[in-house]
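First, the structure itself, so that you have it in front of you.
Naming follows writing order (A, B, C and D), and every chain is counted from residue 1.
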Amino acid sequence: MGQAIQSALNPTGIQAARISDLYWLMFWTSTVVYVAVLIALTVAIWRGRRSDAGEPSRATAAKWVTAATAISIVTLIGLLFASVATGRAMGSLSTENALGIEVVGYQWWWSVKYKNPTPSLEVTTANELHVPVGRPIAISLKAFDVIHSFWVPNLHGKVDLIPGRENLITLQVDRAGVYRGQCAEYCGLQHAHMAFNIIAEESDAFERWLTAQRTPAPPPSSPELTSGLAVVERGPCQMCHTIRGTTAGGRFGPDLTHVATRSTLASGTVPNTPDALTSWIKDPQHIKPGTKMPSTGLSEQELQALVAYLQTLK
Amino acid sequence: MHSSTGRPVSHERWRLAALWSGLLAGPSVALMLQEFNYVMSYVACETRQTWFLHVATVVAVAIVGAVAVFAWRASDGHPLEDEHPTHPLEDETRRQRTRWMSGFGVALSLLSILVILSMEVPVIVLRTCQ
Amino acid sequence: MSRPAIDVSELPPLAFGHRGIVWWATMGVIAIEGAMFVLVMVTYLYLKGRSPHWPPGFFPPDLRWGTLNTIVLLASTVPNQFAKSAAEKFDLRGARFWLVVALAFALAFNIIRIFEFRTLNVWWDSNAYGSVTWTLLGLHTTHILTDFIDSCVLAGVLYFGPVKASLMVDLSENSLYWYFVVLAWLPIYALIYWAPRLA
Amino acid sequence: MSAETDQLAATWQDPPGLLGWFSAVDHKTIGIRFIVTAFGFFILGGLEAATMRLQLARPDNGLIGPDLYNQIFTMHGTTMMFLFAVPLVLAFGVYFVPLMVGARAMALPRLLAFGYWIYLFGGIFLYVMFALNIGPDQGWFSYVPLAGPEYGIGKRADVWAQLITFTEVSGLIVAICLVTTIFKLRAPGMSLNRIPLFVWSELVTSFMVIFAMPSVMIASTTLILDRLVGTHFYNPADGGDPILWQHLFWFFGHPEVYIIFLPAQGIMSMLLSTFSHRPVFGHQALMLSLTATAFIGFGVWVHHMFATGLPQLGISFFTAASIMIVIPTGVQIFCWIATLWGARIRYDTPMLYALAFFVIFIIGGLTGVMLASVPLDLQVHDTFFVVAHLHYVLIGGSVFPLLGGFHYWFPKMTGRMLSERLGKIAFALLFIGFNLTFFPQHVLGLHGMPRRVYTYPENMGWGTLNLLASTGAVTMFIALCIYLANVIISRRSGAIAGENPWDAPTLEWTTSSPPPAYNFSPLPTVTGTDPVWEHTDEVPIVVGVASECREVLVTHVMDAEPDHKKEWPEPSIWPLWTALVITGLFIGSIFTPWAVVVGAIPATFAMVGWFWPKRGQSPEALIRRLEAGDHPPLEQVL
């Protein structure tokens, strides 16, 4: 299964590890039960081929059925205990000193905000979460439009984002790396293309990243870049997108202040390369049919300037 | 309406009630307890207490246990003689059916008690607000 | 023909209550409709539980018409009971007389219902409280109207024919259904009119 | 005897001609129509599944776009649940319950006919809308707000909501007919404990229908109100709540699974008993299991909502119930194995389907335990693991026994045997294809593939297993084509079946194949659970039921003692008219709420036409007769 960056069977966080342990317990129990029942069935059928095998007496049969039922009851109650105990353990992850993130689901992308008591230190990005390794993370989940579900199988199970409610998921990454998550609740046309990455790094690398994200977009340093910014500010982009440090302050699309640092476009649909960016801006409906991003009808020149400018948003 | 055996009809009514409640009461109580627990889990979180959930379990087990006993005891005794005797085999049919309903009620009640007790597991293991 | 036989030629052609087919059909409908009433009532309580104020931003419904209608509905059980027992005694004259009286009650109820809707003090599209209140009252009204029309048809048959003795069973079970509609109203009344006051 | 059966046939036959065809009320006629229609929708739903599998066969596939894919998976789920599975399990009941309880007819026959027409029209309506590109696209579960007024564009969600109304009305009607038949029309001697297991399963299923389906009726009605007249049930901005929808939907939705599953368990018992030629072991335990499952089935619905963030203590009560519901199913399986223990089994095709049940369904049951666990469910919920689980349960637990049951009862319905050769080929291919399709999906889900995605990127590494699954789907498709061909060929030229080709124990096998319009003559009585195997000659028959008019023997609920003889309704065209009018009302209401008001007028007329007696005497004449004491003695009637 590839590099298993989106797999419940490759846990890299304590929560997913606990679930994975429970899974293997249930898997092996189930396997034993399955094999035992099929063996019993086979023996039952096999005995019929022997001419001397008669019907077992009702009493004998009743004894066996009762025994099998009793074993089932004990096994099931054991599994119930295991399940609830796992739930209790997962709830014990301390949220003190946790990193607070707010994720809002939109059709079909993720807005990510790093909370801070000082509003000016808050950071908004999209479709990509950077998190420190070994520190609990408390993510509050909200939905802008319809129900979505936040799911990074390597780290935890899924929790829904529901309009009018706020949910919480607490997790912790124990191994640095890039993990992939995906919306798990059907949310309309492009439910298939609503992925995101979680980049788990050591805490100093994470702090560096966070500090960098807090800075506004750098001013354009060449005439081409200036005209690129002009396309943003005067064209249709600013109606939906925000680029801090410019006049673009739209709220319906991803924050683009540091878009060039991100690895994918359109919520994990295509890799973030200049070519992909160009064709995405040119005809988003071709790459992600139904996306709320309209075709903008920019001229070839404007498009080039715009892409060049966006490339500088590091 | 009196039966020809002289057994009062009210006794027969009780027996019927016992048999039918055996068929219906156990699982119904289990389901009601579940809804009660579900609603009260919010209260449990607010007040950080779970004693009422335990009490509900005990009450539910007591009710279903009583029903089981009730159904069990309804199996003995002889059925009424038929008011419109048309079928030669009816007496035996009734006796078998009464025993069957009684056994059915007892078994279903026991299973219901198991379900009720299983719902106690989360109350014991989990903390009130998770 | 040496096999033993059970001779059923002397059995009657109809039976009232749980011995009859119509009773079971009626009970089936009652179970379904009862489940629906319960579910809408649960929906009401659910939405109430999620709202910090109840009713949220509106005056509770006026008590006057709703309470009057409750009395009318309870009183209507009397002619229905007379109609039912007349039917079960094969007293066709009495049955149709009492059915018409019961119809008069139902008609009065439906007219008062219009005033009830007008004094709910909320519209269905105002908020979720309004939606569920209207739905609850609307669902009950649908049942009252349906049974009203049903009883009208029955009365029509009783007066103009053709009729059969088995019609008496239908008449008897029609009253049963009416009792259900009356009984169902009581918790609905409590919810619509008193839940907003006690909250 | 012959004169009497001629007379009976004349009395009970559906009327001839086209009008007669539309007026039919014979439960066997209606049952066949239900079965054929349901299999028709099964083919459509299967084609939709095949299309999805083709799209998913390789990553980044462009065969069909997201809009069509979303419509197709919604249509697939909706069709299989509402137009195939539930109607089919009830349809077997419609055809066989009256025969298995030894009744002359089904209770409330006109209502039954109406139920069929409403079902047919609802299904046609859905597919016409789909053809017009207004097919629902919000999933068979129709979560709000995606299906709500703001995000569910056009009429698509309304089409879904109204289809629900159609099918629920139909399902509820059939349930009432079945309950009444089972309680009141059993042959003398068939006390509750002697009810055949299939009949018992239909009884508890009907009760589940009666208490579960109102929930989805309320849900779909409030959804349509939100969309059409601006109510706010599901709008969080005005006091509504999207979770309310999920509660209402799943309070129906999970019992629905058992509605589909339980009758198949009834069929399993029949098949295992017949082909091992033994009374099933633990008749009472099996009845108990069916009943317990039906009850506990109402206490598990929240396990579809574990990921919604509800408090863990509250949802864990549903974990407990979802795990405990395994016990009765386990008891069933143990009893069946005890039935087979050392028996001389005949491996005819129906029995192969029954044996396949064990191999497939138990996997689904065990993954069901995993899904009942809150933490584990958070991982696998809404992934292909669940897709695999539910197909193992529904196809293994229900479709296999149903296909086996169809094989088993085909001779009874048509008088001809299905070909064993074709039957076994179809079975083998279906068994292989099924496992090939769905087993890999467990792995896909665990490796992160969510459900309801129209495509997936290549670098996820899901391609191989998806291709395998798609290959399996093609195999299943071929298998079902062979099955269908077998039905078509054998219908014309299969071997003549005779009354009881399998030497089966229950009453439906004591009458001719296909059964006459009047089902039995003479009417039977029973003394045990397996009447055919229990010295039939000494068991009495029933005499004294009229043959010149539609007279049916009504018996008591518990012990089935004869109680009275009721005159049965004649065939009538009015159910059809009423269904047409109601169909107009339902469809119109998608476009304007006034359709309900306007439609109510012809609907009233149609129902008056239906219920107004066609024969009888003038009221005055009857009063004179009654006053003269010409009615049954009161003590007999009351």
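Note that a residue touches a chain if its C-beta (ideal position, glycine included) is under 8 Å from a C-beta of that chain, and two chains touch if they have at least 3 such contacts.
Everything quoted here is computed from the prediction, not taken from an experiment.
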* Report the chain whose mean Cα position is at the greatest distance from that of chain A. => C
* For the pairs A-D and A-B, output the one whose chains share more C-beta pairs in contact. => A-D
* Cα-centroid distance, chain A relative to chain D, in whole angstrom -> 38
* Inter-centroid spacing, chain C versus chain B (mean Cα positions, whole Å) -> 30
* Distance between the centres, which are taken as Cα means, of chain B and chain A, whole angstrom -> 47
* Asked: How many angstrom lie between the CA centroids of chain A and chain C, rounded to a whole number?
  -> 52
* What positions in chain D touch 2 or more of the other chains? -> 188, 240-241, 285, 312, 316, 319-320, 323-324, 327, 525, 540, 562
* What are the residues of chain A that contact at least two other chains? -> 73, 77, 80, 84, 87, 91
* List, in ascending order, every residue of chain B touching at least 2 other chains. => 86-88, 114, 118, 121-122, 126-127, 130
* Structure fact -> In the complex, the residues of chain A that touch chain B are 73, 77, 80-81, 84-85, 87-88, 91
* Asked: Which bits of chain D are touching chain A when the two form their complex?
  -> 65-67, 70, 138-139, 143, 145-146, 150-151, 236-237, 240-243, 276, 278, 281-282, 285, 307-309, 312, 316, 319-320, 323-324, 326-327, 330-331, 333-335, 337-338, 340-345, 355, 358-359, 362-363, 366-367, 369-370, 372-383, 443, 446-448, 450-457, 459-462
* Okay, in this complex, where on chain A does chain D touch? -> 1-2, 4, 6-9, 16, 18-19, 22-23, 26-27, 30, 33-34, 37-38, 40-41, 44-45, 47-48, 50, 53-56, 58, 61-62, 64-65, 68-69, 72-73, 76-77, 79-80, 82-84, 86-87, 90-91, 107, 141, 145-147, 149, 151, 153, 156-160, 162-165, 167-168, 180, 182-192, 268, 289-290
* What residues on chain C touch chain D, complex-wise? -> 3-21, 24-25, 28-29, 31-33, 35-36, 39-40, 43, 46-47, 50-51, 56, 88-93, 96, 124-132, 134-135, 149, 153, 156-167
* Asked: In the complex formed with chain A, which residues of chain B make contact?
  -> 114, 118, 121-122, 125-127, 130
